[in-house]
Amino acid sequence: MIRNSRDPSATEYAPAYAGIPTFMRLPATHDLADVDVAVAGIPYDGGSSTFRTGSRMGPRAIRENSLLIEGYHPRYRFNPLDLLRVVDYGDLEVKVASIEENIELVAEQVSRIVESGATVISLGGDHSITFPLLKAHADRYGPLAVIHVDAHTDTEEGYYNHGTPFVDAIRAGAVDAEAYVQVGIRGAWDPEDPIAGAESLGAEIMMIDDCFEMGIPMVVRRIRQKVGTKRVYVSLDVDAADPAYAPGVSTPAVGGFTSYEILQMIRGLRGLRIAGYDVVEVNPQYDHGAITSVLGANIAYEFLCLAALSRTET
Amino acid sequence: MIRNSRDPSATEYAPAYAGIPTFMRLPATHDLADVDVAVAGIPYDGGSSTFRTGSRMGPRAIRENSLLIEGYHPRYRFNPLDLLRVVDYGDLEVKVASIEENIELVAEQVSRIVESGATVISLGGDHSITFPLLKAHADRYGPLAVIHVDAHTDTEEGYYNHGTPFVDAIRAGAVDAEAYVQVGIRGAWDPEDPIAGAESLGAEIMMIDDCFEMGIPMVVRRIRQKVGTKRVYVSLDVDAADPAYAPGVSTPAVGGFTSYEILQMIRGLRGLRIAGYDVVEVNPQYDHGAITSVLGANIAYEFLCLAALSRTET
Amino acid sequence: MIRNSRDPSATEYAPAYAGIPTFMRLPATHDLADVDVAVAGIPYDGGSSTFRTGSRMGPRAIRENSLLIEGYHPRYRFNPLDLLRVVDYGDLEVKVASIEENIELVAEQVSRIVESGATVISLGGDHSITFPLLKAHADRYGPLAVIHVDAHTDTEEGYYNHGTPFVDAIRAGAVDAEAYVQVGIRGAWDPEDPIAGAESLGAEIMMIDDCFEMGIPMVVRRIRQKVGTKRVYVSLDVDAADPAYAPGVSTPAVGGFTSYEILQMIRGLRGLRIAGYDVVEVNPQYDHGAITSVLGANIAYEFLCLAALSRTET
Amino acid sequence: MIRNSRDPSATEYAPAYAGIPTFMRLPATHDLADVDVAVAGIPYDGGSSTFRTGSRMGPRAIRENSLLIEGYHPRYRFNPLDLLRVVDYGDLEVKVASIEENIELVAEQVSRIVESGATVISLGGDHSITFPLLKAHADRYGPLAVIHVDAHTDTEEGYYNHGTPFVDAIRAGAVDAEAYVQVGIRGAWDPEDPIAGAESLGAEIMMIDDCFEMGIPMVVRRIRQKVGTKRVYVSLDVDAADPAYAPGVSTPAVGGFTSYEILQMIRGLRGLRIAGYDVVEVNPQYDHGAITSVLGANIAYEFLCLAALSRTET
Amino acid sequence: MIRNSRDPSATEYAPAYAGIPTFMRLPATHDLADVDVAVAGIPYDGGSSTFRTGSRMGPRAIRENSLLIEGYHPRYRFNPLDLLRVVDYGDLEVKVASIEENIELVAEQVSRIVESGATVISLGGDHSITFPLLKAHADRYGPLAVIHVDAHTDTEEGYYNHGTPFVDAIRAGAVDAEAYVQVGIRGAWDPEDPIAGAESLGAEIMMIDDCFEMGIPMVVRRIRQKVGTKRVYVSLDVDAADPAYAPGVSTPAVGGFTSYEILQMIRGLRGLRIAGYDVVEVNPQYDHGAITSVLGANIAYEFLCLAALSRTET
Amino acid sequence: MIRNSRDPSATEYAPAYAGIPTFMRLPATHDLADVDVAVAGIPYDGGSSTFRTGSRMGPRAIRENSLLIEGYHPRYRFNPLDLLRVVDYGDLEVKVASIEENIELVAEQVSRIVESGATVISLGGDHSITFPLLKAHADRYGPLAVIHVDAHTDTEEGYYNHGTPFVDAIRAGAVDAEAYVQVGIRGAWDPEDPIAGAESLGAEIMMIDDCFEMGIPMVVRRIRQKVGTKRVYVSLDVDAADPAYAPGVSTPAVGGFTSYEILQMIRGLRGLRIAGYDVVEVNPQYDHGAITSVLGANIAYEFLCLAALSRTET
């Protein structure tokens, strides 16, 4: 792969609009020897059966806009790329025409990365990919605590789609339901009570109203109490942000987080034992000015910083 | 009319992107027998003489995006469609080429609904439709208290347009000027003082600065003090929201409310004696990603919940 | 259903931007008694596994833009709505999460219409819906001649998707392969020869180069020779038009027809024994200015005129 | 007014994206002394009662994109600005809230220019402005031959709107109906025969099919035969072009002219005794990539060349 | 120049969408006699070498959207146009092909305005224009305190571009580095620590986190402490706002200010001795709904009010 | 580099929207051993000083849309990737801030490829890159015949920009002016005669009018006569196509070629001794629906076929 060096003088001649776009200009490879973190796209939106479609274009758009980020974090005062060996694993194979086959196909490929010891940061794709992601992680680590930031509970019963992954994940034993927290839930999407459904599966729900009332620092505290020292998986649906901040999603949900609140929340997870991460539902077909993709890229980058912190702080 | 059942299993086969779009898949009918609430579009933008035009497409866009909402309110813990009989009354007839004729035409049609005993939730169209709306309501109920959420005072003198409806409504005796409150006012649209003008008509003005300083709960308290137990009409211009949250408007006004603050404010009106509602100025021609239409649909839905609450709580 | 009258004075008060959008303001109903033509949407894009997605929004967009058409054909000198009883059958049920189930589901619903004696004009949706459409028609009429206007052969081997429907239709015996003609084929989409594949299935292929060289009147003559007096099905993929004329498609193909050439070709089918029609692949997510939807609506309208002609001329 | 010099070195320092945009950087003034041609915007879309609205933004967009044109015509081999004294008269006053008042207001202002001896090139605005334009010209010149290029006949009966101006103009005696020709007519917009209506008013109609069949040179010959040496007014609705070439219009009409055919037709009018010109219905709200505005600017420029030719050739 | 009167009745006939767009309909002139404030566009984006380009269209878009503002400030309770003589100086000459020549060219033209005694409010263009702006102001006033609101430090070392102007300005002695404050800094744009770099040049940095934690009133207090009674230059990069509020920028930076916070901050500068102002990086090519341009226009207007206040309060 | 195999079964699992986008999924490498053709992006738009900017994003957009093309040419009946060894050389280094340095930088890198014996197909970027491209080719092959397809002559005198490259190339001795032909020229961009200028440099000009009158087959014959058996360079500015077919350009020119005519012309060059190719001025910032990028990708692919033909036919 060419022009992915991190030569600091490179951007004068190869600016963010130049070159073949890998995530943050990282080398694109399937070679996982000594790799700490693998960023992998999952360009699948076959689960978006409810309203809009198009998050299949998400990984590509996130990569392009990740090129704005050269990586020095002005608050952590490090560049995670100096601390970790990170690769762009490219996009996983997907099977748009069959969601069941896709679950298997994704799970299998993720398992291969997880088994190598690398931490996975996945770029969606719609939320249906989180079930195979959780499955692959649980196969290695056992049932996982889950921090699930979203406007929707995604614990509906019924046929498998992007509104149901956590039901299947819990039933498959991939989730430690004692330590499953949903943050940012809101809206009137369902004809009947989705909260009761989610709670009956064990999830603790932090409605958006509660989040706004208590403020993000307290939200973070509640998340940390719930998760404790358990190994945890982080799944972030960008529609947790308000459509003003993330118009490019498949099921926009008014009354959501600002982009800063999202970043603040992620930074609050510092020190947790995080097994894996995903950022899902970036839909470039509705993302004028690419602001959702830019947000998605920054979320993935913040995940990378958490991974770097966990190496340096333990 | 087909495919408007509320069969809970329906969305698997008839998702939000399918079917002929009525508001929340409600039956489209002019039959008002036993109807509690009629949702009516008023696709008129002949009053948008100041800058952009296009809110004629508002009702259609709000309906389409209302299909994301199946109705269970996770905070109120009910589905208003279980408590009320609601219909989509379709779009009223309009007369774009003559604003005077349009005022008559709209007022007359609204009167017919109001006389049936149904509560009207109107989907604009530009703000010029609020004068006939107020007139029709006052014809039945007498002068009404008014809660008017907007970036603009809409009490300019001069020829009739979407910046003047409240002047005519007050002069026509449709408004109880002792109980008229404007919320969210800001900006430098006028060459001379619009506040003095509005105040001289009796309006109490809560500038956006004041709203931000005191916070929405206090704003709500002030509104409730002003309105008390009087019968009140609620008129919400989506440009009260910041252009970040509502880009699809005809006269965008920076420095406005978030979508959450709008929802919070509406929820604060619980228990008031509300005679009618409108949400106006959704302009899909400038609404990339449809976020303003989504907001408009949610506002209309929150109005529906207020109507449900008023039935159940009295 | 309201405001769907064809009262000629209606448009002054209910212009094309007003009202709940049914196709050409036709009544929306499942009642097929005495119906000549049923226009039915099939909002399915689960077969769009190759590039872009979004034709699920096609039926809605076509309906909206059909409101520009009140129906008098200035060349035929009639209004087909005066000659036929036409209804908008709404959208068929679809199953986005399983293409196999969707094939069954669509075929079954189409059969119900076909059995009633009504002619179906389908609004796609992606091209994968044409297999169930052909199946349902062949169930009643036996194997059908097919006029297939498209940039792509759609006769690829492999898993079922929007590039394969005619393979399955031929193998299922729904197509009279002696009378199957493809018009407008071009491009370098495949790694290997798609023409040979299509021809081995029996299709006669009129490449776009040939079409441009001979001109549309001769193209029409060739189509008519092939089809003769056999009962024929017409399937029109809007990507047959150049992306300049139809940007809103899932797999844009440069070097295509103008919109006028498309209309000219349809008009050339006058007098053929046409059993059914579809217009597919209108993808509003990429259709700025809605020009593809407008084209799609006009194509469906021209189909309606063919149906009217076949009544009056036989 | 600043930076409107025609200094040939100017564009290095004041490129097409710089400066306050007057038409072709002409001086903006109401001083008509010794002026040959006045370019005037008419930012009115109150007559767009049928579908989309937004041509009020047309004059502004045409001016901006006119800056691409510095003026040397490579075929005529002159720069019309070297042969004529041309000014940008700015935008006329308009009255969006009353179409009747607007007709008076526009007619009166146009008369003032016409009386000065300057030729008017008007930039619309919707087609309803052509009645006052014709009236003002006929007031000076008597009834005028009319060359009307359009997809629509615009001779509907009923309330005044952008689909009716020629009825009123004919009835007001502003048109010499013996020499009124419509070019490019097509589509199924009306419920009943619009051709008969137009013809009964005296118009000769060249349907788009006829135009395509005979080719533009023959179309031009027919126009010239009809008009002869009479004084003629040219009204060009950009929706005569296909939506591929002119997506930014209020009522898009598939199956239309290419941009080249439009230019070819205008060039064919060389030597006619043209009294005035308008280009209408450019609607920037639907004009992605501004291609319709660019076309509108070029049309106005070609009009300017005709005016220059008529000075030099007589 | 025509139709720029401030006749209060004008907007009925010349609304915000009409007329040739000068800033707030001010007269466009280079005559600076007795002028208090000159608003000048600098349509240059040759320094945007890092990601997107297009802010060359910024001045034009800001002017167009400034027409929404007729000027009465509902909080200050005055119209600055009643207190100051303001002109639109048009766009400065630029030299896109050579950034060095452009620096000279801009500096020279700004100096001419500054020497006249008029205060300059510049509309960018990319941030590279701030070096010549500072230079021209320092030539008259000596080294200036600087209030620099931005997401980026813009104090990178290396070749001159829109990320470096303050380095050159400091080195050229145009900045009083003791009184240089950066507000809103965030993000991971650089491979190495940009904060240290900025601080080593003397800048005091208020990171966005700090701003959000302390709140805007305290941010304002800190700015005022730093600047004191020194003569100060204000440079505001609109990407300081979150992309939700300002999508139309060249390097979008998530986690930023709301539009209200920007206005609040500017209003907090009341009474400071401000020598000049710029608002930069409005990029209309990515500004759907024009919300960034509307924000830019309001920022320039708020600057105008500060200028008015400084006249009236001293 | 991963997932760039040409395994024919690949697209089921790695469709056109998946994977890191190299041109036609070719391997991305700088290793030119045994390479027949190198496709290289030149993401430079610093020469776009005349109107819009943004073609820096061109190579990226062309690559993404090239993924629609798997390569079998249905007319030539081969897949060029079966006949040639082709690589994606990535993007060349560019220097946006200095056009002179960029000329050197580009020329030097192109020379390196040319010296390796590989044929270069360049993806622009603006037309200013053609001077270094011609220079690098002439350094190896001597002065070259040039086929230049464009709306503009690009032979203006003055400072170097995207409207001047051929002047410099001719003066640098890189062009055999006896065999330089311009095709598609039109428009009124210049204040004075650009044709005379171009002709005085030796170019033969085929105006668009002439092209349309004689038809593409004759245009091709004239080109071939001019070029004969000389070694020739092909430079294709996509604005040669009409804005309907190529809206995404920096200086749109109405009245141009269709996409089919462009393809037809390229195919007509079969058998010429072509030394190198470029396709320039694709500007994705104005390219709604990406139709210009799709056209650009197909043009590059047709170039590839010409290269394959020249191998197999000689």
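By written order: A, B, C, D, E and F. Residues from 1 in each chain.
To be clear about the criterion, a contact is a pair of C-beta atoms (placed from the backbone, for glycine too) under 8 Å apart; a residue touches a chain by one contact, two chains touch by 3 or more.
Computed from a prediction, not measured in an experiment: that's the story for all the values here.
Listed by label, the chains touching subunit C and subunit E alike are A, B, D, F. Steps from subunit B to subunit F, minimised over paths through touching chains, total 2.
Simply put, subunit C must spin 120° to overlay its Cα atoms on subunit D, rounded in steps of 5. Taking each chain's centre as the mean of its CA atoms, B is the chain most distant from subunit F. For the pair subunit A and subunit E, the distance between mean C-alpha positions equals 37 Å. Per-chain CA centroids place subunit E at a distance of 40 Å from subunit F. Note on chain placement: the centre of subunit A and the centre of subunit D lie 54 Å apart, centres being C-alpha means. Each of residues 12, 15, 17, 49, 52, 56-57, 96, 159, 242, 244-245, 286, 288 in subunit E touches at least two other chains. Inter-chain contacts, as defined above, occur between A-B, A-C, A-E, A-F, B-C, B-D, B-E, C-D, C-F, D-E, D-F, E-F. On subunit C, the positions that touch subunit F within their shared complex are 49-52, 158-159, 185-195, 207-209, 212, 242-245, 247-248, 251-252, 254-256, 286-288. Contact residues of subunit A toward subunit F in the complex are 1-3, 12-15, 17-22, 28-30, 41, 43, 56-57, 59-60, 63-64, 88-91, 93-96, 105.
Residue ranges on subunit E touching subunit B, taken from their complex, read 6, 8, 11-12, 15-17, 67-75, 77, 79, 81, 242, 244-245, 258-260, 263, 288-291, 294-295, 298, 301. Residues 45-49, 52-54, 56-57, 96-99, 159-161, 285-286 of subunit B touch subunit D in their complex.
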